[in-house]
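This is the structure, below, for whatever I ask next.
Which chain is which? They are A, B, C and D, in the order written, and residues in each are numbered from 1.
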Amino acid sequence: MNRRLRLGMIGGGRGAFIGAVHRMAARLDDRYELVAGAFSADPQRSRDSAAELLLDPRRSYGSVDDLIKSEAARTDRIDVVAVVTPNHLHHAAAKKSLDAGFHVICDKPMTTSVADAEDLVSTAERTKRVLAVTYNYSGYPLIRQAKAMIAAGELGELRLVQVEYAQDWLTTLLEAEGQKQASWRADPKQVGAAAAVGDIGSHAFHLAEFVSGLRVAQLAADLSTHVAGRKLDDNAQMLLRFANGARGSLWASQVAPGNENGLRLRIYGSKGGFEWSQEEPNHMRHAPYGQQPRILARGGPGLAPIAASGARIPAGHPEGYLEGFAQVYRDIADLIAAYDSNSSPAAGAQLVPTARDGLRGVQFVHAAVESSRKDAAWVNL
Amino acid sequence: MNRRLRLGMIGGGRGAFIGAVHRMAARLDDRYELVAGAFSADPQRSRDSAAELLLDPRRSYGSVDDLIKSEAARTDRIDVVAVVTPNHLHHAAAKKSLDAGFHVICDKPMTTSVADAEDLVSTAERTKRVLAVTYNYSGYPLIRQAKAMIAAGELGELRLVQVEYAQDWLTTLLEAEGQKQASWRADPKQVGAAAAVGDIGSHAFHLAEFVSGLRVAQLAADLSTHVAGRKLDDNAQMLLRFANGARGSLWASQVAPGNENGLRLRIYGSKGGFEWSQEEPNHMRHAPYGQQPRILARGGPGLAPIAASGARIPAGHPEGYLEGFAQVYRDIADLIAAYDSNSSPAAGAQLVPTARDGLRGVQFVHAAVESSRKDAAWVNL
Amino acid sequence: MNRRLRLGMIGGGRGAFIGAVHRMAARLDDRYELVAGAFSADPQRSRDSAAELLLDPRRSYGSVDDLIKSEAARTDRIDVVAVVTPNHLHHAAAKKSLDAGFHVICDKPMTTSVADAEDLVSTAERTKRVLAVTYNYSGYPLIRQAKAMIAAGELGELRLVQVEYAQDWLTTLLEAEGQKQASWRADPKQVGAAAAVGDIGSHAFHLAEFVSGLRVAQLAADLSTHVAGRKLDDNAQMLLRFANGARGSLWASQVAPGNENGLRLRIYGSKGGFEWSQEEPNHMRHAPYGQQPRILARGGPGLAPIAASGARIPAGHPEGYLEGFAQVYRDIADLIAAYDSNSSPAAGAQLVPTARDGLRGVQFVHAAVESSRKDAAWVNL
Amino acid sequence: MNRRLRLGMIGGGRGAFIGAVHRMAARLDDRYELVAGAFSADPQRSRDSAAELLLDPRRSYGSVDDLIKSEAARTDRIDVVAVVTPNHLHHAAAKKSLDAGFHVICDKPMTTSVADAEDLVSTAERTKRVLAVTYNYSGYPLIRQAKAMIAAGELGELRLVQVEYAQDWLTTLLEAEGQKQASWRADPKQVGAAAAVGDIGSHAFHLAEFVSGLRVAQLAADLSTHVAGRKLDDNAQMLLRFANGARGSLWASQVAPGNENGLRLRIYGSKGGFEWSQEEPNHMRHAPYGQQPRILARGGPGLAPIAASGARIPAGHPEGYLEGFAQVYRDIADLIAAYDSNSSPAAGAQLVPTARDGLRGVQFVHAAVESSRKDAAWVNL
């Protein structure tokens, strides 16, 4: 590496949650510098955000089109665009960026329709640009450890995948109180066909397939809304059937008081089981069948290379959400470098969720909605 | 109380698990004395068991009929019969005991068919005898605390019930190795229409309804068998819909490596949530929405009377499975006393699972089997 | 075994904590029957207690001397006396019982003076009777597992022993409010030279030596009293030096809010470490140096025979304080059987704390008091 | 803020641990840009490190003097120097930097002698520059929450402070194997009079005083070395007496297998207690006496402003060691801004450990060594 990647951002202005996260993730390992942005549809807000971020005012843009056109014309133009808008704007921003020759980092779910997602898959292939989707939980070192051990057969034949993602922040009708995060996430026009299922269910789904290496063949979903006045789902229970015959269930909820960000994954096979919780991501329980369970530690002994390389600091010095997110950014930088140099991507870069994973997530959301409309009938996926 | 209840036992000879548990539970609070038994269909095994238990050899019987007939003829005859045989023998033993005027304590599931269960309900009503079913997890003080708080509205309107019961002891084909517990539990003739669902799913189901005070109106169940050669289910995932509109899921598994006896209950309402795990039964997490979660301790501050009275020893001195089981035995003794004296039962005695709860459990097992046969269609319950 | 041991009890009447614990412990494994008692110095209270316990009124005694004299004269006389009075009465009751030919089970600390403790050691030796001291925490299966593994060298050379016992129930001047447990424990005349150090410090000390197999050679103790009006220590910090060069510290406190009964033991050697907490006694953490830590479970895989045999019920079905206490009672029954038959005691019986352990505990209490009076100077032990 | 602070670094070249940590901490909140460095006494290593860090090669210096002289001459000169060398080099680097007019961020312990520490205190005062010492654990939001609640009297009168810092990475003679971190930390010439006590004991000591607001008046320390061939302490147990009469103990160890970075703080007062562990820094237990303990969450409800402002992301999205370290860097930036503008520092900036805290830490190390040489006699502090 002889320079940092130049990063432009679409969305993520003042008061946004995920834009700030992307920026911290980009900074942590020093592989990017943020140099341009169209942070808001409101030009003043966009400029104010740019000023706070110490950007050159000339690279603070009032629209996506401006950003793309102006940056494309610069010799020091951006390498990659981070799309961190509400969901319904992802497709256009990502497509235009790819077509302009920029790599793209897009938040999830990638689009609000399957057709749009398929379009981005083909656009990325056509333009030969990276389109990474930030399923950030895949960046945790112990998640990668679990994936590596399963791929190596250490759990034997997989039988069960239990995944859940429980929060409580929508226990009341927060979207009616003007809370920015809640407002767009509860609005069918901005968020798409599902709310909790798209926002957090899609993470749970990705993680289950990512770690297990299995594919969900069928799901039966019961979406529900528990707060009067809410337009979309705030809770969903699902049955899962995997292609290899494994079974599972998925629970996503934003109305479960006492759960902050309770993404939990448990996988069981004929030889053992794993249990991992996002809220305590530095340890994972591995129970080889018939033996004493072991506690695997990020940075600790006995890890696969892909997990060992993911620890910035030694075991016992906890890393968290931002570090996991930063890992994905680091791997995206490696993937971009491989694209740009026509070389083979490093092991971590191969784990980056790309457009096909983004499409898979959108398909999941739509399958869940379809199943629920059919009273939890099985839907193929 | 001016004497201990005289207890006879059917089943539970040498090598049995649950028979020994019933005996310890009966002893702990000194409300019973075991004086008679028909411990095994094998007369020598029955006699040996009786001798080990220091019983009067004349009260060691070779058959259920012998026990009932001989005891009925004694002036110091038994008050109550504990039925701890494999499931398929429960109905006959319980019915004959009731008809002979004995109270009955029956292990769960109460019977192997709904018709038999209904028959025991009417027999118990006709004979005016107690028929208690040992859904022992209802004896834990903090489970009762949760029930009391929910009944008092402290969680608000209930929205979600997540219950699971995960074990790993049947990860291999243990029943083929002559392990006594596994053998009968895996045999459709002895265990009934379902294995894991009946053995542990029924506990999870009872606990969910017991604590929440809600009734499951519909379930959609996907039963599965993950070990080649096994005849019945060793795993089940279910969606639950409660009569009040709450949703939930139930997972029961005996093939989840690393899970010893993982019965976990989580209930969420509009005002807060509870989380409790049987493996650490002395504490429960209560999260009032928008406030800091609190840790409730058995024997600790702020408990309802029904929970406070259930602690034999102070907080920090852990009680466990046997103490919870013993609580149910203690309450059964109180219930029998109330029957025998035509008085109103104490608060704890009112919580004793009786024949109607036994029937409900059998209905649950059969509904789950039916739903699974219909590819997880909704079945009313 | 062809009969239960007949048990008499001195102390432990209505309202007492530890007397009820001894009775439950004696009942659980059915090796004893309580047949006689002098439960209180107040004859009416003693009779009432006996009636509640369904004893033959003729074996309810008004004094220790009555009990001993009358029981000694019976053909069905008691085998063993449990002494569960306040500390200052232990010596006389135990000595008289031994001299009358009874085995004795004595609560801890064994006496209030070293001279009395030495006297009981010689009395027990002279009378060839069992004098067991209920350091009940030694009965937990995983404590025995730790002891066995250390003895087998699995931790290598021991270097560090950190033990603590923290409670909070004396955070206020409870003894001034007439609370029975607090009153005698805070009274120098009944409890001896130290309060917290004797009541709970002695448990911590015994456990540290019991598990490690090491002897404390020197201690430096800083006893303190944090509640105005209290006469004795409610907190103590100590430095420990073991005979083999290992170091450690001991903390005992009854004024640490949020600690219920926080007895915790951590032992580290050149090859690994153990961590165990009494409040979650069914699991222990074993960290072999440089490897992933393992979670050992009571009743789980890989246990030494002495630990495996101590589980009444399978892993995941938690046992607790009463079960650990009952284990000591069970082992005492085996030890008495070995004495009575002049045979070699079973492995568990060899672990029973006896008069010499009782003496050691009293020496510890007095060494701590002496050190503290000398401003935490080192005192040999 | 209208520009980032320009940061120079002394030490922290390739293979160093803490240098990389400082750089990540400086980057995370985007308040600094690293522009210069003298990363190693080895010029090639220094240049290579600078190149890896994408520095302008002209600002990669071969010595501390070079860096200071050259930077002082630039118009875009650095604002602040981070000193991350082994301990024995801190004093000279910090003093020269201060004298050249730079602010200084110095790792801990600040110096290897009390005289040097006093000299830095007076140098910082004389030069009117910030000298911050990275007691980074003070940056955790919940640590600040605890400090705020104690200051507000929520624990009542403080009685007990139990602090420990246990690791296991020096269980073997790692310093003999060429491991860079172990080598200098085990060498009296580089590390000073104490090893474990200086490296981690000083953190524990700082945290105890920082949170409690109390001062240790006396300590009695027993330092020990458990690995043959090691020159300095790898373990220490201490008794603490605080100025207000509170008592405590401190344990620091690097030979406790199974402990990764086990910094734990427990504080108890007349009204309640706190328990916090660095390895799970996102939650803290608060037990108001006589009430149910509460779990405080970083980013959760009910926090003091100083703690609430420290969370970059919502509760349930764990932050860790780097985020806590970055908090201190952020606050240092605010403190520097206040110095440079002669304004009053913000609340967070007032918590930055400065030269006096650095001195206090060095005094602690020397008091512990002195006490241990006197066989754990009390030493005033």
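The rule we apply is simple: contacts are C-beta pairs under 8 Å (C-beta built on N, C-alpha and C of every residue); 3 or more make two chains touch, one makes a residue touch a chain.
Everything quoted here is computed from the prediction, not taken from an experiment.
S.K.: Quick check: more C-beta contact pairs in A-D or B-D?
M.R.: Taking the two pairs in turn, the one with more contacts turns out to be A-D.
S.K.: Average the CA atoms of each chain to get its centre, and name the chain whose centre is farthest from that of chain B.
M.R.: That would be chain D.
S.K.: Please tell me the distance, in whole Å, between the geometric centres of chain B and chain D computed from their C-alpha atoms.
M.R.: 55
S.K.: Provide the C-alpha centroid distance between chain A and chain B, rounded to the nearest whole angstrom.
M.R.: So the centre of chain A lies 43 Å away from the centre of chain B.
S.K.: How many angstrom between the C-alpha centroids of chain D and chain A?
M.R.: 34
S.K.: Hunt down the residues of chain A that sit against at least two other chains at once, touch-wise.
M.R.: 259, 285-286, 290, 293, 297, 300
S.K.: Any idea which chain D residues touch chain B in the complex?
M.R.: Those residues of chain D that touch chain B are 285-286, 290-297, 300-302.
S.K.: Under the stated contact criterion, what part of chain C meets chain D in this complex?
M.R.: For chain C paired with chain D, touching residues are 159-160, 162, 164, 168, 171-172, 220, 222, 224, 226, 235, 237-241, 247-249, 251, 253, 255-259, 266, 268-273, 275, 285-290, 293, 375-376, 378.
S.K.: Spell out the residues on chain B that touch chain C in their complex, using ranges where they run on.
M.R.: Touching chain C from chain B are residues 1-4, 17, 20-21, 23-24, 27-30, 53-54, 167, 169, 259-262, 278-282, 297, 299-300, 312-323.
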